[in-house]
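One structure coming up, written as structure tokens, with questions to follow.
Labels for the chains are A, B, C, D and E, by order of writing; each one numbers its residues from 1.
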Amino acid sequence: MITMEDIKITSKPMSDTPKSVLMGFPGSGLVGSIALQYMVDQLEFEQIGNMTSKYFPPLVMMNKGVINVPVRFYQKDNLAVIVGDIPVHPMICYEIANGIISWLSQFDLKEIATLAGIVTNEPEKRVFGVATEQDYLQRIQDHSIILPVGTISGIAGSILTECKVQGIPAWGLLAETINAPDPRASAATIEVLNKIFSLNLDVKPLLEQAEEIEAAMHKLSEEVQSAEKAPKKEQLPMYG
Amino acid sequence: MITMEDIKITSKPMSDTPKSVLMGFPGSGLVGSIALQYMVDQLEFEQIGNMTSKYFPPLVMMNKGVINVPVRFYQKDNLAVIVGDIPVHPMICYEIANGIISWLSQFDLKEIATLAGIVTNEPEKRVFGVATEQDYLQRIQDHSIILPVGTISGIAGSILTECKVQGIPAWGLLAETINAPDPRASAATIEVLNKIFSLNLDVKPLLEQAEEIEAAMHKLSEEVQSAEKAPKKEQLPMYG
Amino acid sequence: MITMEDIKITSKPMSDTPKSVLMGFPGSGLVGSIALQYMVDQLEFEQIGNMTSKYFPPLVMMNKGVINVPVRFYQKDNLAVIVGDIPVHPMICYEIANGIISWLSQFDLKEIATLAGIVTNEPEKRVFGVATEQDYLQRIQDHSIILPVGTISGIAGSILTECKVQGIPAWGLLAETINAPDPRASAATIEVLNKIFSLNLDVKPLLEQAEEIEAAMHKLSEEVQSAEKAPKKEQLPMYG
Amino acid sequence: MITMEDIKITSKPMSDTPKSVLMGFPGSGLVGSIALQYMVDQLEFEQIGNMTSKYFPPLVMMNKGVINVPVRFYQKDNLAVIVGDIPVHPMICYEIANGIISWLSQFDLKEIATLAGIVTNEPEKRVFGVATEQDYLQRIQDHSIILPVGTISGIAGSILTECKVQGIPAWGLLAETINAPDPRASAATIEVLNKIFSLNLDVKPLLEQAEEIEAAMHKLSEEVQSAEKAPKKEQLPMYG
Amino acid sequence: MITMEDIKITSKPMSDTPKSVLMGFPGSGLVGSIALQYMVDQLEFEQIGNMTSKYFPPLVMMNKGVINVPVRFYQKDNLAVIVGDIPVHPMICYEIANGIISWLSQFDLKEIATLAGIVTNEPEKRVFGVATEQDYLQRIQDHSIILPVGTISGIAGSILTECKVQGIPAWGLLAETINAPDPRASAATIEVLNKIFSLNLDVKPLLEQAEEIEAAMHKLSEEVQSAEKAPKKEQLPMYG
């Protein structure tokens, strides 16, 4: 167990194979969390550890009656995954990013990658790429659209900044998304990971899940519209 | 006396018998606090200690002129109980959970269980169960409904997370409740504890207390309704 | 000088006689502060020290041009008194209570007593009593009404909690009061102290002060009422 | 350089002559700051040092292109002056007062005096006096009106409290003032200092400055009044 | 790597040539950041390091897909530049200023200069000058207008204060600007730097950028005005 002041990582050490570490925390479209949780479930990664922190809200999720620690560490062969269920507050992104990187630094890392969403409300779900140095853009430029200008905020921004400062190779993917859980953007992200890491991971279940969510939202939207057309009694007290 | 930085536990050590530790703090329906206070009173547990903290609000309750420390430790045979009178603020759940578990860790524990409520406003008062690992679900699955998905927040969530991270067997019960003190949900919880621990604790007094509260609320509700029908002078200034 | 981290007590040590320590801080009706300041003035206690804290607001009171430190320590024979001029914020009650008790613990104490008010708006000014243990209720049960249920908040609650946790005999008096300075409730409290400590302290001046305050408030109330009956120009702009 | 944790005093040591230390920080009417800055400028005090603090707002004032550190230390013969340009937030008065007194304590001090304003909106500008002990009132009672009752808040209150607690002779002057920069009140304060310290400092320039400010405010007031009499178009939309 | 408690500077040491250090952080008109980023890009300064801090918001900017650390250190010959992309919150200006100066103090410095804007909304873009001591005004008085009175707030104010307190020669430029990115004010600042440091840096590209921004804002302004003239349906429900 590694104990930093305010962050507690309880994990088996990572195996000796050099690792590409993929990270996803809840953010726009929950793109990174959905993609990575789907990946570790489908490819049967081994869960090796957890992270808790006094900075996290007191909230725990359940899966068939068994609770999940909010941030989980997984590995399989030359890949490691860190996936979070809870959004990281802007005030603590620096601490969390440094805690994670400090723990990772004891192992043999090839690179760190952050997966996130960028809200464009476009149906197309293009995936943009950024890197900490010009050299690392080569890793992603054939599979994503290099983002010319812009900003990345939140934990992904902090992770990339720390990697750059400490000289750890790092890059990030940003899938076009919406302000709602978006498995379609997660699927687009996995398609890029498939190419980079030759994963051959089927995204059909994610796309089906996306269709279900979209159908439900479409229905909701129609109900809202018809509700808006109906005269509202409470706004017409004279005829009440 | 064990003194951590911001939490102070003043207690006799627990006796040598391995313990199942039941915990209840005020939350939805006050389910856990009411159930456990009722249990320690009826089964005449021994009070062995107290917990105070600079994080607790300066508030003390009285019982026949004698003040109660807001968080109390009790034991009897193979059971220990921690019961709180004051809600734990989300900002300090992590600290309080770690303080309690750190103190408990010096003793021979069998398991930790959290008792709480989940607001459904259903009259039925079903009791749901969760656990930190698949194995511990066996402990509760015959007596409660395993909660397939969902979240647990507050001190119960923090306790379960820490137990999972530290490998301490733990499970939780969540009784269906309402947004008001709910002895009926506490009674349903005790019925489950009766089965798990063969307590044979009579819940009739709790149910009678529930009926009193419900009668009072029903009366209040009728008064509010008749008051709402009466013309309100202050809203009719023209006829004042 | 005893210096704790954030609280500074500058005081001569208390004399060897075992002490009953009476404490009053501003709260409902200012009952405790008024009663104890009156007592130390009339019975000519010796001022032995002061307490300051970074947590106190920067506010100092004057008496004939000479400033008073906001919290003062007095003693005479077997009695000690701690009286405060400034209300203690809920966030710091725990720290202040622990600081005071920690300093007091080096001396030979018989008991600690807190004096405060409880708002009932009754004219009668009954005095209720509470204690940290059943045994200490004997000290007050013939002279006050034992409070069956209820809560005590603020610094008095913190002092009583800490005394209970540390095993220091302690009790408290709560005089019925109003939301305004209330020398009548302070007088009622002193009548109880007269019996417990055989003080024979005359409360007539306090009652006269109470009558003055009540007369002034009565007059103010009449003025407010007649003002409310008069037409208000600013509400009738058409006739302005 | 003396470095306390959060307060940084950079100063030459004070000369050996025992010192009366006069202090003025911005408060009601800016009475103390205006009076003392005028005094050190007119009597050509030597600036010996500065105080900065992480608690101060990031704000610096200029004088003919040269920046001024917000809190400055001056001395001349048997007088020392500490003058501030920035108001001290109530939350940090305790720390700042202790930092200043702690630094001063290494030198041979005769007394500390605080200069401030008290809002009465009276034209007369009387100067009231207070002291930490009865004995020190003698120092000011012939030249000011001893304040019978009342409160002093802010940094002046904290300085006087700390002086009393630490047994440092101290007194304070409070000039009647208004809620605006008030050189007339500063002049009244200097007249008192002239008597106490035989300074013979001419206050005519301050009074002329006061007349300018008063004339400007009178003009502003007339403009506001005539503006208030004019019909306001935006309140009469029907005739717009 | 120099690590202070909450500020992390990762940089190569500066070369031996004594340095004039120019600093610009986002503030009014972004004058300093725009001017210095333009300068280091055009004159091909070498980037030698970065600064991160737990106090900075988790935000990172991109340049052709490569992320920029929010605060960057550059040098070329006898000039060093510190340029920031993120505004520094008033609460942390003291810490950041001290961290930067503490790091710089290990090198051979000639002087420190802060570049910022001052909102006047004048078209002329005059550049004002200030210094920590009378002597250093000579450095800028022929090329800027010495600011007779006024205040400087934010990180520039903190840097100048610390330089004055620590005796480091320092001066600042304040270009007249508006409440929007203002390359024209940055150009005016560079014209002053051209004279002081004989840089011969062409500002035409900045002026062209300014014209583009101004044209865009002019167009926007016209659209807003014509939109304001059009009747707004939602404000005329009776004719809806």
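FYI, a contact is a pair of C-beta atoms (placed from the backbone, for glycine too) under 8 Å apart; a residue touches a chain by one contact, two chains touch by 3 or more.
If you're wondering where the values come from, they're calculated on a predicted model, not measured in any experiment.
Asks: If each hop has to land on a touching chain, what is the smallest number of hops from chain B to chain E?
Replies: Steps on the shortest route: 2.
Asks: Mind listing the chains that sit against chain D and also against chain E?
Replies: Both-contact set = empty.
Asks: Please give the intersection of the contact partners of chain A with those of chain B.
Replies: none
Asks: To test your reading of the model: what rotation angle superimposes chain B on chain D by C-alpha positions, in degrees to the nearest 5?
Replies: Superposing chain B on chain D takes a rotation of 145 degrees, nearest 5.
Asks: At the chain B/chain C interface, shared numbers over all numbers used: above half (same) or below half (different)?
Replies: Mostly different residues.
Asks: State, to the nearest whole Å, the distance from the C-alpha centre of chain A to the C-alpha centre of chain C.
Replies: Inter-chain centre distance comes to 56 Å.
Asks: Taking each chain's centre as its mean C-alpha position, how far apart are chain A and chain E in Å?
Replies: That pair's centroid distance is 35 Å.
Asks: Give me the residue numbers in chain B that touch at least two other chains, ranges are fine.
Replies: Residues: none.
Asks: Spell out the residues on chain C that touch chain D in their complex, using ranges where they run on.
Replies: It comes out as residues 8, 10, 50, 52-54, 56-67, 69-70.
Asks: Which residues of chain A touch chain E in the complex?
Replies: Residues 90, 93-95, 97, 129-134, 137, 141, 146-155, 157-158, 160-162, 164-166.
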